[in-house]
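Heads up, the next two complexes both have subunit A, just with different partners, subunit B and then subunit C.
Here is the complex of A and B:
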């Protein structure tokens, strides 16, 4: 029983007691079994996502399609809301992301460079409460607020609420990148005669670009996948993003329209995967600052 | 090209640290001037004030004819080389060198021509299209210098530019910096904590401590006639012997329980029973047979090879005396130690100042003898 493990273990002066070995082996087996079950748990829906859209009669089970078809995608194209909602999703997420990148870059830079008493505490508190803003608990006051501002049923309302909710985490991540930027870079540019704006544009932004990419992708994915905020703040189905529209895919009979849902889900997922691959290749993900040298 | 004049400069940081304290300094046109001192002495703050990266609490700074105290760094026509070189990692070498010119709106062809020339003169011609991360430490350092050179400023400011290089490269870079500065004739302010660098490079140097200048002068002078105990102990690769001593009634010195004559230059200047510190460089000492009149006698304890010569430590009673000699004794051997009288310095133990024939006027740190 101990034979298989001995190969993996470094040579020891004395062999461990058999009981210890047995326990280690059982522990390993248990661990792999747990990982396998957990992996399966995530893999099955993925499998469904890949297989169901091409199935002529998709159900809720992940199964090899009995007859492969592209009709489900035709159904998506013919649905009056489907394509429009993808466009809405794109619009909302891109604008929100740009807003977050611009605001987070400026405030992270300022917070990294200016010493304010209680700065770090403030950041942590903001981070903590930002989870509330886009969360369910604050939806009633947020709805009231947006209503009073006259921004119900307008994209700008959704953009502002989501940007506000995501900004603190964005600032938090980006500040670390800014902290990793040596002051001498900026100072040498200042001595060279650059203005603050030129320093920001020519030196700071390019150096923290991986950080901007990280929060950009992260924000885009967050907004792209957000359901609750647009669901509550937008009344007109013509304005709804994909996440909300998908919720309304029913057949005339009142049951969920699974063929349409399956194809639409795949279309809805692909941009995010593509974006991740692109950014990872271009910049590489890292969630910390610092200069590679 | 311009001189730098500093009058009454004071810099107090929020929190109360006084980095520079009412400091006056004139740096002449074309001069290589070093600011030397231990960390925290204010030398970097002084340099950064000249660059405009620190705003003085009080005082004036002028470069050439212009009062620059309140004008931003970019308008002072200075170029600064930072300790970490501050090369922009996302730009190629050529763009790094040309960045100050780009900011000043030189045309692209002009920028590239001047960056190319500066790079060529620093043997960086092959590396123009590399990123800084792909350069060695010495190359990075030269790129930083090239950036300053291409800019053609009136004043160079160097903030410990050699401290990140290993010892051999540092020596090379030192020689090349001195030569470069000589060729360009641009006034240079050079901050370092390495006394050998300051001695090797400077036309004149200032030794700083606690925000004030302790001594200012040519390197030879600062080395051979330090005006106080701090400078005496700070300058010299092999530290100066500084020994507590007392004058005796018969015109001699009691040193480590032994009697030696008062060195010639000090004859007749010292009243009996005065506490003085006897200062002599190991290089100015020699070994004699034990019990030679006028020499201290002790036991040789260690002999360290310096290269061509040895540094011998001699135990005289309870003090250690160091002497550089080419003929080292075997450890444990009794020897005599004598210093050339002309080079011996006596310091007042109380105020730590060099004892001179005419006492220096109070606050006169600029006296250059």
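Here is the complex of A and C:
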């Protein structure tokens, strides 16, 4: 920001006073000290995740492995719950995400094109409210509701609860994308005899694809990491997603199986990291919609 | 925000009354009706409205009713709960562990959301602004990864990091110690953990806000001899107040309802990290007192409402 403009400064003082130089030097030192400390603060707790999975004798400390091995990943293959839980996580996140994309696209389009009094205030209140309710404040009624519907111990219960909780934000973000589209194409298509659904599918959807990608990636990451909802609604460990199985690995009695924990943590985390790096490279990671871009 | 119709749109997170520009509405109706009929529109909205209504709004309302009953997880009171009036609420007010959970939650929100994430997030955004370097990218990626990695993985990373005997933190400290951080300083530990976990949101939000300030304004201030601190106070802060309030509101509400500390400490030792969500979980699912848990949930919803109203009040005051 300031670097390029500095070049256009017309006049530059020949020798700045010593006080200014000292202040600049101290400022630089403070800058690098802060950068170093902040970098360490965020990096060091993650080191274990990178080192321990390949350590022949992994412990709780983040250490350079004395001998590198892939044996720890065999522990994942041999554990009866590990791979199955990753599959469960994949199933839950993909289905929930598809449901959210479909429902959010339909309603965001309708809300964007038809004026309903109080629409935006209502959406905003729902958005705030959803962050609260799906968190924890409604765990008791959600459990009772899913119980009454006979969906305890079934993946579909988790999918519906998470979709309901994440949808307001999805609609909010997508509506913002749709508001920005010119209506002339849609009007022409309608004049040419297309149905409203065809207009949405063939004209609007291709244009708002970045918006669909944003809420899709966001929903995937949310569901992939979610712990509380499956923890409450699924009793059978064979149905549990990786979030719950991971927690069980380190809290259930006996000594923790560190090789298993290390390798499983890495396998469970990698998809999110890969997805993030992909999105970051392709689109740049920034704010859309409600939170000013 | 890229919007074509201005009335009622939420700019920078500020709710504006919908009837602000009636002429716009008439114009909108004329344009909108040709694209999508009322009935088709209702059909499009129905799936999302149904899911949100059944799995989001209904549970929140139902918790108010369940809180007035003695419904339990198992047994006779599970099948046929009785109406007990305000018994659950009076029991809560007399339970010292409820008050403990409330105080722990407030300290947790104040320490990790309002102080930790907001201050660290803003500092990172301000200090790193306009610095074109690999190091900056690496730091930003690390901060964001801490935010998006699965909760149960980051919880275990911190259990390992803070371990007394083998933990990396103790190994890094210049003096020899075997402090069991999660047992001896549990609340501080989860506050630092949650600061680490959630700073990304504030950093990204403030980064976007600072970028939206025209560079010429900062440049003018700099040429006029303003120090970094003066630029911050006189140019930047007045312009990002809306973002600051948005960040504070969202972070307070998210943190108030956060369950992740359970993955580190399960509320222990001796209830020192038992925030309200963990208290509700323990009462409802470990002790089976669903009705009591629902009553506490209702109190939590009320507190959330107060946070939101306080925020809207501050925004209105600023606007008028």
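Rule of thumb we're sticking to: the second predicted complex is superposed on the first by the 237 of 293 C-alpha atoms of A that agree within 3 Å, B and C clash if a C-alpha of one lies under 4 Å from a C-alpha of the other, contacts with A are read in each partner's own complex, and residues count from 1 in each chain.
Throughout what follows, a residue touches a chain if its C-beta (ideal position, glycine included) is under 8 Å from a C-beta of that chain, and two chains touch if they have at least 3 such contacts.
A quick note: this is a predicted structure, and the numbers were derived from the prediction, not measured.
Chemist: Under the superposition described at the top, does placing subunit B and subunit C together on subunit A give a clash or a fit?
Modeler: Aligned on subunit A, subunit B and subunit C fit with no clash.
Chemist: One more residue to check, A:184. First (subunit B), second (subunit C), both or neither?
Modeler: first
Chemist: Put simply, what angle do subunit B and subunit C open at subunit A, by C-alpha centres, to the nearest 10°?
Modeler: The angle comes out at 90 degrees.
Chemist: Give one of first, second, both or neither to describe whether A:79 is in contact with subunit B, with subunit C, with both, or with none.
Modeler: After superposition on chain A, A:79 lies in contact with neither partner.
Chemist: Determine, under the contact definition given at the top, whether A:202 touches first (subunit B), second (subunit C), both, or neither.
Modeler: So A:202 only meets subunit B here.
Chemist: Which chain, subunit B or subunit C, is in touch with more residues of subunit A?
Modeler: C
Chemist: Between subunit B (first) and subunit C (second), which does A:126 come into contact with in this model arrangement: first, second, both, or neither?
Modeler: second
Chemist: With both complexes superposed on chain A, which partner does A:192 reach: first (subunit B), second (subunit C), both or neither?
Modeler: first
Chemist: Just subunit B (first), just subunit C (second), both, or neither: which does A:224 touch?
Modeler: So A:224 only meets subunit C here.
Chemist: First (subunit B), second (subunit C), both or neither: which does A:111 touch?
Modeler: second
Chemist: Taking the superposition as given, does A:140 touch the first partner, subunit B, the second, subunit C, both, or neither?
Modeler: Second partner only, subunit C.
Chemist: After the superposition, what is the least C-alpha distance between subunit B and subunit C in whole angstrom?
Modeler: Superposition on chain A places subunit B and subunit C at a least C-alpha distance of 5 Å.
Chemist: Please identify the positions on subunit A that touch both subunit B and subunit C, taking each partner from its own complex.
Modeler: Residues 187, 190, 291-293, which sit in both footprints.
Chemist: Given the complex with subunit B, which residues does subunit A contribute to the contact?
Modeler: 182, 184-185, 187-195, 198, 202-203, 206-207, 209, 291-293
Chemist: Quick check on the complex: what are the subunit A residues that touch subunit C?
Modeler: Checking each residue of subunit A against subunit C gives 1-3, 5, 9, 27, 31, 34-35, 38-39, 41-49, 59-62, 99, 102-104, 106-107, 109-111, 113-115, 117-121, 123-126, 128-145, 160-161, 163-165, 167-168, 171, 176, 179-180, 183, 186-187, 190, 196, 199-200, 221, 224-228, 232, 242-244, 246-247, 250-251, 261, 265, 268-269, 272-273, 276-277, 280, 285-287, 289-293.
Chemist: Per the contact definition, I'd like the list of subunit C residues that touch subunit A in the complex.
Modeler: The touching residues are 1-5, 8-13, 15-19, 25, 28-29, 31-38, 40-42, 44-45, 47-49, 51-52, 54-60, 62-63, 66, 71, 120, 123-124, 127-130, 132, 135, 138-139, 141-146, 148-161, 163, 165-169, 171-172, 196, 204-205, 208-209, 212, 215, 218-219, 222-223, 228, 243, 246, 249-250, 253-254, 256-260, 263, 266, 276-277, 280-281, 284-285, 290, 293-294, 297, 300-301, 304, 308.
Chemist: Across the complex, what residues on subunit B touch subunit A?
Modeler: It comes out as residues 51-53, 72-76, 78-80, 82-86, 88-91, 99-100, 103-104, 132-133, 147, 151, 157.
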